[in-house]
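Naming follows writing order (A, B, C, D, E and F), and every chain is counted from residue 1.
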Amino acid sequence: MIDTGLHLIIAPVLIPFLTGALMLLYDDRQRRAKLAISLGSAAALLVVAIELMVRAKTFAFAGGSDTGYYLLGNWTAPFGIVLVADRLSAMMLVLTALLAIPALIYSAAGWHRQGQHFQSMFQFLLMGLNGAFLTGDLFNLFVFFEVLLAASYGLLLHGSGQLRIRAGLHYIAINLAASLLFLIGVSLIYGVTGTLNMAHLSRMVAGLAESERPLFHAGAVFMGLAFLVKAGIWPLSFWLPTTYMAGAAPVAAMFAIMTKVGIYVILRLTMLLFGPAAGASAGFGSDLLIAAGMATVAFGLLGVLASQGLGRMAAHLVLISSGTLLTVNGLVLAGGGEKLLAGGMFYLVSSVVATSALFLLLEPMSREEGGIAAMLALTADAYGLDDPEDDGAPEVGLAIPGTLTVLGLAFGGCLLALAGLPPLSGFIGKVAILSAALGSANLAPGLVWSLIALLLVAGLATLIGLIRIGIQTFWAAEGTVPKVLAVEIAPVVALLGMIGLMTIEAQDTLRYMESAASALHRPTIYSAGVFEAARSEGILPEPETTE
Amino acid sequence: MIWMQNLPLWVALPAALLVVAGSTLTLLGTLGLVTLKSFYDRLHAPTLGTSWGTAAILLASMLVFGWTEGRLVLHELVIGIFVMVTTPVTLMLLGRAALYRDRGEGSAEVPEAPPEPAPAEQP
Amino acid sequence: MIDQNLLLVLVLLPFLAAIATATLPVHAHNAAAWVSGLFLAGCLLVLAALHQTVADGGVLVRTIRWVPALRMNLSFRLDGFTWLFVTLVTAIGVLIVIYARYYLSKSDPVPRFYSFLMAFTGAMIGMLLSGNILVQVVFWELTSIISFLLIGYWYQSPAARDGARMALIVTATGGLCLLAAMLLLGQIVGSYDLDRVLASGDIIRAHPLYPVVLGLFLLGAFTKSAQFPFHFWLPGAMAAPTPVSAYLHSATMVKAGVFLLVRYFPALGGTEAWFFAVTGTGMATLIVGATIALFRHDLKGLLAYSTISHLGLITALAGIGSQGAILAAIFHIANHAVFKASLFMAAGIIDHETGTRDMRRLSGLYRFMPLTGTLAIVASAAMAGVPLLNGFLSKEMFFAEAADWHNGTWLDNSLPYLATFASVFAVAYSLRFIMTVFFGPPPEDLPKEPHEPSPWMRRPVELLVMVCLVVGILPGVTLGPALNDAARAVLGADMPYQNIAIWHGFNTPLIMSLVAMALGTALYLGFAGRISTGPEGPPVLHRLRAQRVYEWLLLRLSWSWPRRLHRAFSTDQLQPQLRLLVALTLVLGGAVLWGAMAPSDNPRTNALNPAFALMWLVGAGCAIGAAWQAKYHRFAALISLGGAGVVTCLTFAWFSAPDLAVTQLLVEIVTTALLLLGLRWLPRRREEIAEDKLLPARLRRIRDLVVAGIGGACIAALAYVMMTRPLVPNVGDWFLRNSYYEGGGTNVVNVILVDFRAYDTFGEITVLAIVGLTVFALLRRFRPASESVDQPEQRRAEAQDGLRDYMLVPAVIMRWMFPVMIVLAAYLFVRGHDLPGGGFSAGVTMAIAFLLQYIAANVRWVEARITVLPIRWMGFGLLIAGLTGIGSWLFDYPFLTAHARYVDLPLIGRIPAATAMIFDLGVFALVVGATVLMLIAIAHQSLRSARLREQDAEPEQKEAA
Amino acid sequence: MELVLSMAIGVLAASGIWLLLRPRTFQVIVGLALLSYAVNLFIFSMGRLTVGAPPLMPKGGFVNPTAYADPLPQSLVLTAIVISFATTALFLVVMIASRGVTGTDHVDGKERET
Amino acid sequence: MTATLMWGALTWAQFALAAAACLASWRILRGPRAQDRILGLDTLYVTVMLLFVVTGLRVGTSFFFEAALVIGLLGFVATVALAKFLIRGEVIE
Amino acid sequence: MTRMVPHPLLSLGLLAMWLLLNGPSLGHALLGGAIALVAGWALSALEPERLRLRRPGAMLRLFGIVGLDIIRSNIAVAGLILTRDRKGKRRSGFVKVSLRLRDPAALAVLSIIVTATPGTAWLEYDPETGVLLLHVFDLVSEEDWQHLIRDRYEALLLEVFP
């Protein structure tokens, strides 16, 4: 009776939601069971996300479309909230699920026991992320941003301890301020246009009265700033390194995609609202994005070079990746073309997976200097008052042989991918961006040259920085080989496997991204689809409401 | 205000009087809150508003809405009861708090604390 | 087709060998060597099989689709030039494998060594064979990366680590430049296909970007082949095991750069810029390398600088670019590879058998190892360019090219002198090598007693020296055809066959050679003593070492300057970050709105009600009061905040938002309670903090006040402009029209929340749930600051102040309010759909009811009587809301589709029934659970700290007892 | 009324921003609360101001939307109120925890060095 | 006539209550002791509640009722919590 | 019966409240009844003791007296505030009253009466001694106030709450 195909689009939100809610009914000490449930949910998410991706790719959504629409509550746009699953959002969903599984496996090494309700919060984070990727409504975007932020607060503070709490305080304060800004922006846009539906807005932009346009732009700027905070733009990104460093490893691994939600939204909205068809608003904000993006790359590369520890460096790598993507976004808005955008998407996926892997490596790599022991010391203030089973030594597991070799290889893989060195996907992404930028007729050569210089220098800085750490850790360190569990290294290997797969299947991946980029360049099709999405007939008679 | 056009005088007059009386009482109470010199004096001031200030205004409301809706409107009673029952809690605690703090500072204004019961008296 | 596939085999075999060796056990010395050697031998077989095709001038190409979208495909291409080069690489590779088998000690983890070595070979072959210029960069960078691992093989030594890092940074930087160059080339040519690029020389040279491309390209090539001033990494890389040095610095790594110069000559070369840049750099490198080599005391150091110098020679030839020059360049590539590999191996044997490489300690070794000595002497002679050896031939060709007329520039004209000058030093250092190491008095106190190495360690050297001799004597028969094939492959088929003879008559090159030998011998003989006692490097110049400059620069560029800059452009304090956010918002918002924000001509206004204005006098006063007092009088600020909140709530009610008013009020109450619960844990704040009175603090405050003032003014202006604007047609109208007919409720706000936009509410309750969990989790691990563990001052004093049963009477009322509040909650819940109220308000009301009981009594008292399991409430709440939404699937509707209808009940009549109410019930349960959880979790801290106090007190009591 | 309300929003926002930039956690939390009042009123005012016409519909009959206050901003504010309540609570607890582990209520977890 | 009468009465009432709120808030801001401020807030709550009722009368709808009801029943919780904090130094023991 | 309806008076009151709020109808009577029952159970969890009231007549008389007193005091206190404390001649002060009343519920009612009447404020009650400390706005004679509390309110309350 239930047409699963119809409801597939909401599944990425519902699966983690139900899982998270259900786990609240169980005692938090049943951690193995919860881990299994959580993993099951993530696996289901992956299946669903891939199915959505396949549908987007093969035009298998209703009506032979490459985009699926889901009218929540069966209300048509622009009145109800509509979910839109197109190639881009499907890609982000897959990426999220792909990161979640390794992070969860990693957490089995002991992290999930460092605090309460880890698994539920993790699921809610997934829900928030997926919700933000799918929604077609501005205010709903706010709500799901809050879901994912709230979950990220919880996960960041997971395990407690001074470092986390200090970082958490800043993180929360700044994000609260940004959320307020977001609200001002959204409401301003509603006040000017009378709608919250992104497709509706996209239709209206070109025809806005000239007296209204500045207000509309102001709304966009306020919202944009909120997203830019989340994306880690310089100079609004100083919270990011401390926060990402403080998070527990599996959490930090998920944080790798958190900045990208900001990027995703900026990309989505700018392409919808300020694309070529936006009349007087076309290209709005591209200068800002380019300038801010480049400044962020520059800042990130300075940070990478200036970092002493791998954690801080990894966080600055996140900034470089964010900055690059924003620059690309700005350039695309300025007419950079579909290929450039496709290159950017490829880069996005590659850098997210690689940073995630790096964050997972962080802890095993620094184990000799403390690692889990240090983490326990950090949270030792919890001793004495709580259930003893909350804490304690890491779970016994299978220690891997040839630890240093495996760690070294994994680290090397991350390094190659992040520095954009051949042959891994980072290189392909960089080549894709650079060759597209060079090939674009609409971009000022100065911009293109700056982009090339910046990307190459950033790659170099990454190489220098990571090599420094790598040498320190693997070559210069003396003492015993740390004990690393298989559940800790397997996720990293899996993530690197993804990078490898992306490298080998670069053609198909890039093709997919090219069609995604092409779709983003045609917002009219998006909005037409949203408005034409049909209500479900259902099997019940029309409700009788009058008395 | 158009909706009051048809209000008969026998409703409007008492209602108006009640409203004016209630609000004026409340205002007077707060005036006391500002002008009275000691805290314990000021503690009395708001009760003007919570007793007949509230009662008068609620009565007026019952009267007017009772007439316009053509039936007995009593739900303002609930508010009245709530206010009456809950105000003492605040004021008692506040008075007690002031007493306690003043005693703690050794103020001569306030009476001594009741003597501690001898330990033997305790069950 | 078989041939083409063999090409793939050629590239793959070394990589397969790498994988195979990597899986061997740590001490499998023989197996690793055998596997590597056999795989490479396989490569040689393949090369032999392909030779005929290439010799016929054919070009083999095999392409595998990789990323056609980027025009980046795995294309491999074999012609005469690459055949020769690959053969060289592979053949010397085999010898290195054999050599390494005996060179490495038992304790070295050899599988890793062979694995890296094989991978490196594969990368090198891949680079040579790449038919796609981007893929060429891929393999190019791979050689850099793998060489890093090889150089750092003995990573326990700091020198190895530094050397490896330096090599990687320099060559990878060059690689990035090369990448940029290739991308540009691809743009210019329209293809990344090597054949197309090589055929498009005219287009490239005419393109305005040609200088840029050339610059980037040369940076790539020069860094890799250690051209001055990027030469310094090469000596540093000598920390590698000798087999690695022998391989990297003879046939492979450094030759990649010159390979590129020769290969791309048709595309990029032939211009004056090329000549000056390439030949100029080459000559400079030739001279610098040769000069420094003479003064190095380390055997491998001498060889390293000699390598640099020879690479300069080849580069100079590539810069000249005439047919002869290219042929000579290729010839010297091969010759240098052969004699330098043998020399490195010989140096390795000496090191291995004596324990030192310092020429000041080595002496008279000939009597201990005559065979090795002979081999080394022959190889050195080849290096010095002594006739009848292969080095002589290519050097003669170089001299010939140097002496020849090309373009008449000053550089061209000075080439012969420069070449001779450099050669003088080459002769001198070769002599020094031979004389100091093998002749003279017997060595004293060497770490080891010198003797001949195991024969198999010597075999590779013997073979190579044999090649030196054979090629040197019979060049035309041995290497001639292959060389010609190679040169033709580079320059085109129309190039005439050039005979390579050992005797060209008594001509200028020969004179140059003789002069060089004479002067070189004189130089060595004249200064031998002073050189050996002098510093490590040429006089005066040794102070000015490029490596130091590099290290200084690297430290600055990659560490101290970035650190300083990073610190200047970032902060880890919260306040500046928030200030930046506010300021950026104001600046950007201002930039967009400046001059564009006029109030509407016909403003939409409501008549002013003085009461409302008075109320906002209250609100504003409270807001400012809260801001004023939040530092020193938190309690007062909290109360002021409550005042501002209640006026806000009034405003909502005033302007037709009763739901908002109710919700705001309820939240206000809970927030006050929460903040109060938190206040207890904050430190006392003294009014007098001297620092606050200081000027900087004051200035900070003034600045923030200005920012805040501007911010407030801007948002006020924006709000005014928006409020007075005519209302645009909006979706709100649709909600008003359809709320009752479609949503089955008259309270449109509630219908929006539980039906039209229920999905927002669905997310919102999740936020609440998450926050509840977070609060709970965080507080579970909370440990208060030591001063907060104590009872609050008030309670410590309680005994003497007779604060007995102060709650007795209030608590009675508060308890009796519990059921009343439950009824109120039910009331708010039931009517929500039609009138103000709803699940959220009801939930908060319920939570307040619980809160009040906790206030009236204490935690233990309450929890002994009522058990609230907040997390269960939350779980059920979420599940109810979610499952209600999913329930619509059963009827083929999307998630959260509500269904409303009126139901006839016996006795009661028609009552409204909407599934949205069930959803709202979920909201209710969740809100109760989450709010209570937060309140109680904080409240429990007092209990916990009481327990902490008890714990702390216990040891004291024990001590006392 | 519009002028009064916009000035009110301005004062709330200014007080909030001022507090947001202060160094003590409690100041920041009060600032966030004040700011959220300002923002909620701002969102609310996007539906323009209507006196005495809450979006409570008659049961049946013709509905003239212009006669009622815009319900959408109201529902947005409701959601925003709930979310800012939640986040305030969270911030509060982090504030308490921060004070517990760092011993200070400075936002940076350490007193500023002068 | 009656409308004018009611208008006058209600306008006065609104004004008087708003003025009362001003006076109450003066106590909130002025203090001097914490108990004064709480007393001020409590009074402000009641005043606002009455203002709800009066404004409801003036507009002629009963939708202000819920807000007034909530203040009437729950408004004291905030002040009770504040008062208890004064006495005990914490709200929940 | 006591288990099902632990606080019948309260439940009845709550039902009345429900009907006052929602308007009388059968549906609401049923729903309100159910809710009132549940609320009664909730209270019985906190306070198992049932409230016993006697003499509803005395109760009504009390209501009447209190209502009148409140009106009178309202006027009196308002006048005092307006006349600026009778030009400074007003004296306020503390009054101690020894109470016989011990039932907490009765005390609660008394507290409501005292508080609702402007001019008297309930400050402190010592359960050990039964002494109540009042603050009186216009203290003419301490004994008048003690009599007022004891005879006018406490006596009736003792009748209602045995």
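Operating definition for what follows: a contact is a pair of C-beta atoms (placed from the backbone, for glycine too) under 8 Å apart; a residue touches a chain by one contact, two chains touch by 3 or more.
Since the model is a prediction, treat every value here as computed from it, not as a measurement.
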So which chains are sitting against subunit A and subunit C at once? D
How short can a path of touching chains from subunit A to subunit B be, counted in steps? 2
At the largest C-alpha centroid distance from subunit F we find chain C
Please report how many Å separate the Cα centroid of subunit B from that of subunit F, as a whole number. 14
I'd like to verify one number: the distance from the centre of subunit C to the centre of subunit E, where each centre is the average of its C-alpha atoms, in whole angstrom. 60
Would you mind pulling out the distance in Å between where the CA atoms of subunit B average out and where those of subunit C do? 69
Where subunit E touches two or more other chains, by residue: 14, 17, 19, 21, 24, 26, 34, 38, 40, 60, 63, 69, 73, 75, 80, 84, 86-87
By residue number and range, which residues of subunit D touch two or more other chains? 20, 25, 28, 42, 45-47, 51-52, 54, 56, 59-60, 72-73, 79, 83, 86-87, 90, 94-95, 97, 101, 107-108
Spell out, as numbers or ranges, the residues of subunit F touching 2 or more other chains. 17, 21, 108, 111-112, 122, 124, 126, 128
Okay, what are all the chain pairs that touch? A-C, A-D, B-C, B-E, B-F, C-D, C-E, C-F, D-E
Footprint of subunit B on subunit E - complex, ascending: 1-3, 5-10, 12-14, 16-17, 19-21, 23-24, 26-27, 33-36, 38-40, 42-43, 46-47, 49-50, 53-54, 56-58, 60, 62, 65, 68-69, 72-73, 75-76, 79-80, 83-84, 86-87
Subunit A contact footprint on subunit D (complex, rising order): 20, 25, 28, 32, 35-36, 39, 42-43, 45-47, 59-60, 72-73, 76, 79-80, 83-84, 86-87, 90-91, 94-95, 97-98, 101-102, 107-109
Complex contacts: residues of subunit D adjacent to subunit E: 51-52, 54, 56
If you look only at subunit F, which of its residues touch subunit B in the complex? 17, 20-21, 70-71, 73-74, 77-78, 81-82, 84, 92, 94, 96, 108, 111-112, 114-124, 126, 128-129, 131, 133, 135, 137
How about subunit B: which of its residues touch subunit C in the complex? 82, 85-86, 88-89, 92-93, 96, 100, 103-104, 113-116
